[in-house]
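Okay, got some structures for you below.
Two complexes are shown next, each including subunit A; its partner changes from subunit B in the first to subunit C in the second.
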Partner chain A sequence: MVAPAKAAGALLATSPYASRRQTKVPGWAGLTAWDVLFNNLSLGLFLVTALGMLVRPAWFASTATAAYIVAFVLVLVDLSLLVVDLGDPPRFTHMLRVAKRESPMSVGTWSLSGYAALLFLVCIVSVAGWEDVTRVLAAVTLIPAAGGVLYKGVLFSATSQAGWRASRWLGALMAESAVLVGAALLLAILVLSHQGGGEGASAVRAALAVLLVLQAVLLIATALEVRRDVPGRYGPLAGLVVWIGVLAVGIVVPLELLLLGNLFQIVAALLVVAAAPVLRYALVFLPRDGRKEPS
Partner chain B sequence: MIPLPPLDSLSVFHLNAPAPYLNWPSWFYIQLPNVVWFGVALVIFLACLFVPFPSKAVDSSGYDVSGEG
Partner chain C sequence: MTRDVQDAVTALSQGERPEPPRGPIAGLFYGFARGARPVDEPACAFFTDTSICIGCKACEVACKQWNQLPVDDVRWSGDSYDNTFELSATSWRHVKFIEDFPAIAGPAAGALPAPALDDIEAILAEPRTARWLMLSDQCKHCDDAPCHDACPSGAIVYTEYEGVFIQSDICVGCSSCVAACPFGVITRSEIDGHAHKCTMCLDRLRDGLPPACAQACPTGSIAFGEHREMKEQARERLLAVRERGYDGARLYGDEPSSAYTELHNMYLLLDEPQAYGLPEQPVSPRLVRLTGDYLRAGAVLAVAVAVVVVLLLTGGF
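Right, the complex of A and B next:
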């Protein structure tokens, strides 16, 4: 008599489904990676600028309007990418017909739409010079902005897709990364506005250095989880490129430059932003390992 | 990450596959660590706005302030 386990093993070995992926991989690719990037850039920039204006208005007053406008342009690009990525543009507006708090995608759609609408008003009152109204509106906008930052991590990690399903740290990494790239962008705007030697730039530079260290910790925690789930996902060469892009160019070199003072701070900020797409691509492409998908 | 306590047993949080996020308390529970780390990042930024860092003061007076002359 054949043992049941042995029989099951033999069946699996001969099954035509044995080498096939059991879950259908979503069609999320480059557009989604850029969507995540522009989402993080816009929301991160707005968050740090609004908080800076609430706490230290004198330090950021001269650059806040420019930062708000840049954040608004970035969220417009993000929303365009989202709509294009959906394939059928009306799908986005269809999602606004209902609000489901139990769905991360619904919460994300409403958060991003509310954020974009409120940020538009923030830009207008900021350009008009109504400082008090701007601060109140910006404070209100912080709520949908936080929702917009936080929903993506859950959306990815609460699926059954390879790599994402094991990434309990993914949401934290994405949320922290948004604040990081936002601070880098704010520092770049401060330097380009000839405020690079001021107290605001000095504080953002220090925050950026600490956030880079935190990013390294969260990145390693995520990588360990992903590695357990899909070992050797990108192969030795592509894996090396990802690590050089994310860790060396995006964290170690900028950190070294920031520690030198304000001499190379613009280079450090631009390196952080330039390396940001590499991390998003590496995360979004995790489930797409080239295995044959179920037809 | 800190192991999650077995809250499934309370019949409030349903973290089992395939879609734990379709349950609102469960989504909140999944989101909680993310919110904490997001908060940590914001607190770091805010803290740096309060801690006095030496900023490069620009002297435009034209006087020699090095103390050597």
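Right, the complex of A and C next:
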């Protein structure tokens, strides 16, 4: 062994490994972004509808069944995407062989399975017109639904991946965003079922406005957290354009439209839903920051 | 022959082969079957002494040979003489080359200074301006492994030797373990869709053999044995290396920190961990982030639900 010629630490400037990514990015990409979207749409729509039926049943009685069925269809799409996204889809049942609270994916698997099964029953009894049973079942379904909302952001933030690991508010952002898109979807359903001028729509519209402000705060907090950890896949300018675009199209413009009253509320709701995939794509692709990888 | 081997040979001779799942219905329930719990064995560990690694890659070859892993695309990386790149689903050992050669400007750029061949004394007296460090990398077999925490199917288990083992017949290929590993060890295979990594040669250990890489290493750079003994060996070696002037030498993974547990694969490094592509301070997502992230998400969800309920009660504004 030869005597050391250089001080320790000098290698940091020349080692090819010093600038290389230390982690492997999982293959979570477009399918995952859509899975997050359908998860948020279904759970958010169910949460807001169930809360409406528990607090003001008279306002939402005529639209709740449709909302529950839409939520069920959306969760079926979500579950299908989750299964297809696996490396070995036919083995999806293996996810139910253990329950691990330290694994967000396991928490999500059990929450979504319970939620989907209970929501199916909610749809059945709601179509049958058993209002009291529907309300009790919907209240019970809120528990797995909350689990399904909470795990999604934590699935990303509680990892070792660049960007996600730096964001302590990513789970909060996703959870709030689920309620936000759910409220927007319910507002759209209310308007399309000719109840846009009713008290239910008025309350949901107001909730949507407050949730948009909260979303803006969480979005800025998340962007500030991750910007030091992720230089930006396409450079800082493009990253900035994405974040500002989401803020403008998904938050500021809908907020302005909502404050104008119920005239443009359907446009506002649709804008919120339309911006949702962009935000989820931006979040899911965060670790793919363009740092040097072996070619 | 060990007891396990005798049992296995007896079972096979009597035709007691494990039944693979047959048909789609059997496949659905296959993962729910449980085998017998193995008898506890002493905790084992690797100690990789990078100061005596010569970069021969015999460990890589032995690993591939024993585990019957396919050959990877062998190319030049462009920034070192390394031609096998990184750990992957088909490369469970990888020898990193860290080449620290002086940059040469002007017409001779890219060439090393020519030694004075006619004067051996002059050669010996030349200042040492270049270093070529090697590190044989593999799974760290963490004491509390993030991949094990993250796995939703229970496919990742601790063996009786306290190694971390992926049961590839259970793995669903969700990639949670890939996202969780702070060392970039685990990879999902493009061939079968399952996660793969070093097994600590569990099959060899059960047969009383050392891991293939440790057996193949010609310099003793890769040592394997009981965890306690490996720790002692690592500390003795560190003292010896420091006595020879390597003040920057350090052990990696021999002690737990507030953010990570100890490793069952310790390294003696001659420079900063980042120079070898290792995180300076690995962080366990479960220990450091999981609970707080859930609490923050829960608090904000509660606020969002409260907003909806209050505005439903007041009728909006």
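Definition applied: the second predicted complex is superposed on the first by the 263 of 295 C-alpha atoms of A that agree within 3 Å, B and C clash if a C-alpha of one lies under 4 Å from a C-alpha of the other, contacts with A are read in each partner's own complex, and residues count from 1 in each chain.
Here is the rule we go by: contacts are C-beta pairs under 8 Å (C-beta built on N, C-alpha and C of every residue); 3 or more make two chains touch, one makes a residue touch a chain.
Only a predicted model underlies this, so the values are computations on that prediction, with no experimental measurement involved.
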After the match on subunit A, would you call subunit B and subunit C a fit or a clash? clash
Could you look at A:N262 and tell me whether it touches subunit B, subunit C, both or neither (first, second, both, neither)? first
Partner with the higher number of touched subunit A residues, subunit C or subunit B: C
Per the contact definition in the header, classify A:V55: touching subunit B only (first), subunit C only (second), both, or neither. both
Of the partners subunit B and subunit C, which touch A:Q161 in the superposed model: first, second, both, neither? second
Considering only the touch criterion stated at the top, classify A:T93 as touching first (subunit B), second (subunit C), both, or neither. second
Report for A:A128: first if it touches subunit B alone, second if subunit C alone, otherwise both or neither. neither
So in the superposed three-chain picture, is A:E102 touching just subunit B, just subunit C, both, or none of them (first/second/both/neither)? both
Check whether A:A172 is in contact with subunit B, with subunit C, with both or with neither, and answer first, second, both or neither. both
I'd like to know which partner A:G197 touches here: subunit B for first, subunit C for second, both or neither. first
Please work out whether A:G27 is in contact with subunit B alone, subunit C alone, both, or neither, and reply first, second, both or neither. second
Subunit A residues touched by both subunit B and subunit C? 47-48, 51-52, 55-56, 59, 102-104, 146, 149-150, 153-154, 157-158, 160, 168-169, 171-172, 174-176, 179-180, 183, 199, 202-207, 210-211, 214, 218
Residue ranges of subunit A touching subunit C (in the complex, touch as defined): 1-12, 14-18, 20-28, 47-48, 51-52, 55-56, 59, 85-88, 90-95, 97-98, 100, 102-106, 108-109, 146, 149-150, 153-161, 164-165, 168-176, 179-180, 183, 199, 202-207, 210-211, 214, 218, 294-295
In the complex, subunit A residues that touch subunit B: 47-48, 51-52, 55-56, 59, 101-104, 146, 149-150, 153-154, 157-158, 160, 168-169, 171-172, 174-176, 179-180, 183, 197-199, 201-207, 210-211, 214, 218, 221, 261-262
Subunit A-facing residues of subunit C, complex: 24, 27-29, 31-32, 51-52, 77-80, 85-86, 96, 98-100, 127-131, 133, 146, 149-155, 170-176, 178-189, 192-195, 241, 244-249, 270-272, 274-279, 283, 285-286, 289-290, 292-294, 296-301, 303-305, 307-309, 311-317
Please give the residue numbers of subunit B that touch subunit A in the complex, ascending. 1, 17-24, 27, 30-31, 33-38, 40-42, 44-51, 53-58
